[in-house]
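Same chain, two partners: chain A is paired with chain B first, then with chain C.
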Partner chain A sequence: MSLLDFARGPALQWAAVIFVIGMLWRTVGLLLMLRSRPLSKDRKSGLAGAGVKTMFSRFLLPKVFAKRVGFQFLLGWVWHVGFVLTLFFFQVHVLFFKGVFGFSWPALPNAVVLPVAAVTLGILLILLVRRMTNPMLRYISNFNDYSSVIVTLLPFVTGFATFTHIPALAYETLLALHFLSVALLLVWFPFSKLFHVITVLPSRYILGVKFWRRGVEA
Partner chain B sequence: MTRKELTLGERMQARGVSRRAFLRYCATTASLLALPPAMAPRIAAALEAQRRPSVIWLSFQECTGCTESLTRSASPSIESMIFETISLDYHHTLQAAAGHQAEEAREIAMKENWGNYLVLVDGSIPTGNMGYSTTAGESNIETLKRVAEGAAAVISIGTCSSFGGIPYANPNPTGAVSVSDVVKDKPIVNIPGCPPIPAVMTSVLAHYLAFGSLPELDHLNRPMVFYGQNIHDRCYRRPFYERGQFAESFDDEGAKKGWCLYKLGCKGPTTYNACAVLKWNEGTSFPIESGHGCLGCSEPNFWDAGSFYSPLSTSTRLNAGTVALAGAVGVGVGAAAGVAARARQKKIKSAPAKAWTPTKAEAKAEEESQ
Partner chain C sequence: MTEVITKQEREEAFAMFYGMAASIGELAEPAPEMTDEERVERAKEVFLKGIDNNVAVQLDACVHCGACAQACQFFLGTEDPKYTPIHKLDLLKKVYKRELSPMSWLNKFLTPDITADDLRDQVELVYDSCTMCGRCNMVCPSAINIGDMVALNRSAMAAAGLAPAELRYMRDGQEADGTIFGADEDLFNFRIQDIEQKLGFEIPIDKKGADVLLMTSGLDIHLFADATGGAIETLHHMGVDFTLASKTPGYEGANFGSLSGYDATKKKLTKDSTAAIEELGVKTVIVPECGHSYPALRFGAAEAVGRDVKFEVMTVSEYFGRAVMDGRLKLEKKDHPTPIALHDPCKVGRWGGVFDEPRAILKACGYDLHETESNKQYNFCCGGGAGNFLLPSADKLKRVGYRIKMGEIEATGAEELVVSCGSCRMNFEVGKVKAGDSMPVESLAAIIAAHLPQKDKAEGDRA
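For the complex of A and B:
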């Protein structure tokens, strides 16, 4: 079995199995946990609406922090949009999903996706360097932060190398490395901070409700 | 079978091949082997002076497609002349002799040319029940070992003898193996392909005749000059790949416009062969030019590397069923974890409040701080 055969076959299959099991295990487990009851009387009504509002209000940049976090906020937005576009709308990725699920959707032209992917990769690198050089960010960062960024970075790097056929390695080796980097991301995803994909909105909801109970608009 | 009294040059003259045509062949061979043009006269001189070397062609688990490919090259071609001018002392399909006479011809050729003859093999070698494939009551593996022992080199013709090919495909009922799995102490050249390109076979022979050595080989023992680049890099449809213009089916607008066949499962990017350069049928075309993706037939295990019609960017094992099964397991594990967590939460809540007691590490830290 060649490296590519292994990457396209067992590696990706088992990585996807671990990903799905891990994501559902943690999601269902968290949902079933008991919630703490508030010890004081609610100061306001309409808790659910306040929670939903907080879920989405945090997508916008608060004016008061605009100068301080504007750069990171903007880069975060562009990075996430770029990631989604590259993952779900690059032609060969659409083919991959069609191979798994049996259906597909329209893809974006390469001329659009490739620059988007390049910008996305660049932003991730900037954010990684910033995390390593900014004293405050460095202080609050741990292994999980760095490893999650690097594991997310690898599929972009190997993907670009594969598409452009960099002459350093044979195409099949590059393609295998790309698949393996995706497999690593899938395995790492449920058990790292990347799991925020699932927890970010419920967390905001709970935060919004808690604040609202205390009469604070968040 | 004729014997070998005349040189190749004399034989060609006798057959009416002009000096100009012969030199053109030598120049073409030099070009195919990526040798400098100055080497053409040397090839010509070497080939002209060559006495016909003895060649023994062994056919095992094969379909005769490789022989068909070689013999059906443009006729009469200078390549076929070269082929005729080697002393092909044993070949099941092409020899006139049969039965014991055929086997006797092989024995004589081996005895007279011990240590100097070439062995060409097409077909894989069964290692399971020897009855799967025998010749004159002898198993293929015994024949190969015995004949290869006195050979100067072994050339595996086609993917079956090079890598096992279709007989080797899962579940490999005959226990098929390649020549290199059996012969360990002789130089081996693999010329894979299903079948290989005729010019590649004759050029490797010409190289051996002209220089007395085998051409530079890659990590799979394939001649670098023919297998050094993948088909994708030399494909005339490559610009469409770069632009992301793909045929979605074999009869859609993209297919009619000659767009890239990647989405239809073309294995050109991972297949190393000279099809896109040398082409077939006197340079007429090659599979991609005829509208079908490359199957990757010159690569090991090409038969088991997923569907011919699945793009390379897809997984060969992952499917919706696997995802659904993993999802069900994930929900079950999550539910169990959730129930366990609830029980623990309840236990903690119902337990009477205890005074905080520091751990050993915390106590030590506190002592040190004081």
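For the complex of A and C:
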């Protein structure tokens, strides 16, 4: 079995299995935890609606924080959108997903996706350097923070290397490395802070409800 | 408004009170002795009891983006990374990851357990450098409730015998007889009689079945009689059937169990107050101008007694603000040539939702309100909330917090500040002295009383 066969065969398959089981395990584990129910009267009605509102309003930054948090907020936005566009709308990826799921969706032209992927990669690098050089971020960062950025970076780096056929390695080797980096990302996902993909919206909902009970829009 | 305390009397009382408050740490009983193992065990017990699904989901939503630091006045004022709000939850996170997380089977091997030294280091982070103001909650992209989780940390520190001496002293005193700062029933009665004499009418005490119970606090009894007097005068003016209570659970609104992290004391005090209130049979309770007393009773009473309670809880600004908004209280619009700024106390505003009411009052009084850049739910803390105004160890941080807050107030061009919280007011007064500032800081209740229409005219209106 060649490295490429291993990477797109067993490596990717086992990584996907670990990803699915890990995500389900952690999600169901959280769902099974007990919840406290407040007994005092709410100051406002429509708690669920307020929770949902906060789920979406936190996609925007309140004006009062714009000066201090605006730059990192913008970087966060662009990087997440860029990641989704690159993963799901790059032509080669769409073909890959068709092979896996049996159906596909329209892809974006390479002329759009490639610059988006380049910007996304650039932002990830900026965020990594910022985490290493900003004293506050460096202080609060742990292994999970650095490794999660690096593990997310790798598929972009190997993807660009593969697409541009860098001469240092054979194309098959580059492609195998790309698959392996994706496998690593899948395995790392449920065990790391990348799991916030599942918790971020419920977390916002929780605060939205908690504060609206008290009459405050969060 | 009838002057219930002169400026000079207040300044003298303030100097005496400040001297007393500065020495309470020395009066505290020695901290409970326990081994390091016991400290860790007790702290972990509190953490584990406090982590439910909501806390777990929020802890798992943190990506360490550090945005919370940019909302915290203690980080902004010092740029010390250890004051980053989310860092204050590291111990809680460790316990969660090792003991309760769905991934604990793996995390146990990767995450070191907490130690007694960790707990000792944590004391400064969750007391001195955090007033649980919750401003960080408002910037977090994951909307993590850091403020409440710091409160859980305070409970863990208290259980581990590590609460600051000043807060232990306050808690011990209130646990023993319900009073704070020695404001016992004799002193309360003296103060009420004094106010009664100055206002010129009888103040109802322990009147069963009255519509409204007005509570006060040790701080108001000692220092801010204008706040209590203003509320009494306004209730009398409105013709409300109100009463005050002569026993501590019925008049003391402060709850140092809540501020110090002693949950059992917090619950006991709230239960005692609830029993006293229900025995009086009032429909509405007005808690004093004391920020934390509002959430402690409004949201804590039902939790303390394990059932719904038979009364409604409002804070001073909320009660009178609503009366202004629905026309039950008419205030005299006066000419105020200089603008005024309003401080939204965190526990009443961001944690209580009372924003429109004080603004309606100021508008009715004819003030030109200049809002600070950060206002309502984004308001900066005064710098000394959550009992921190009593901690000498937090002096430098309090001044840093005060500077940021006062900077925003000064930027509005206001020449006067109004606040509806005694401890905020205390912190502003001390901050002013230390910084050499001179902006007058007024009680909202006193301002309301100062804008009551002339009695003859008001009686004419009612007729």
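The definition used in the following text is that the second predicted complex is superposed on the first by the 216 of 218 C-alpha atoms of A that agree within 3 Å, B and C clash if a C-alpha of one lies under 4 Å from a C-alpha of the other, contacts with A are read in each partner's own complex, and residues count from 1 in each chain.
Just so it is clear, a residue touches a chain if its C-beta (ideal position, glycine included) is under 8 Å from a C-beta of that chain, and two chains touch if they have at least 3 such contacts.
It should be emphasised that the depicted structure is a prediction, and the values quoted were computed from it without experimental measurement.
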Let's test your reading of the overlay: on chain A, do chain B and chain C clash or fit side by side? clash
Counting only touches as set out at the top, which of chain B and chain C does A:Leu137 meet: first, second, both, neither? second
Answer with first, second, both or neither: which of chain B and chain C does A:Val129 touch in the superposed model? neither
Given the touch rule stated above, what does A:Ala218 touch, chain B (first), chain C (second), both, or neither? second
Now for A:Ser203: first (chain B), second (chain C), both, or neither, which partner does it touch? second
Would you check which partner chain A:Ala66 touches, where first means chain B only, second means chain C only, and both and neither mean what they say? neither
Which superposed partner A:Leu74 touches (first chain B, second chain C, both, neither): neither
Touch check for A:Met23: first (chain B), second (chain C), both, or neither? first
For A:Met33, is the partner it touches chain B (first), chain C (second), both, or none of the two (neither)? both
Those residues of chain A which chain B touches in one complex and chain C touches in the other: 25-26, 28-31, 33-34
Using the touch definition from the top, list the residues of chain A that touch chain C in their complex. 25-26, 28-31, 33-36, 38-41, 43-44, 54, 58, 61-62, 64-65, 68-69, 72-73, 76, 134-142, 144-145, 191, 193, 195-196, 199-200, 202-204, 206-208, 210-211, 214-218
Of all residues in chain B, those that touch chain A in their complex: 230, 232-233, 242-244, 246, 262-263, 269-270, 300-301, 304-306, 310-320, 322-323, 326-327, 329-331, 333-335, 337-339, 341-342, 345-346
Report the residues of chain A in contact with chain B in the complex, numbered from low to high. 1-2, 4-5, 8-10, 12-13, 16-17, 19-34, 91-93, 95-96, 98-102, 107, 109-111, 165, 170-172, 175, 179
Chain C to chain A touching residues, read off their complex: 51-54, 56-58, 60-67, 69-71, 75, 79, 81-82, 84, 86-87, 100-103, 106, 137-145, 148, 295, 298-303, 306-309, 349-354, 373-374, 377-378
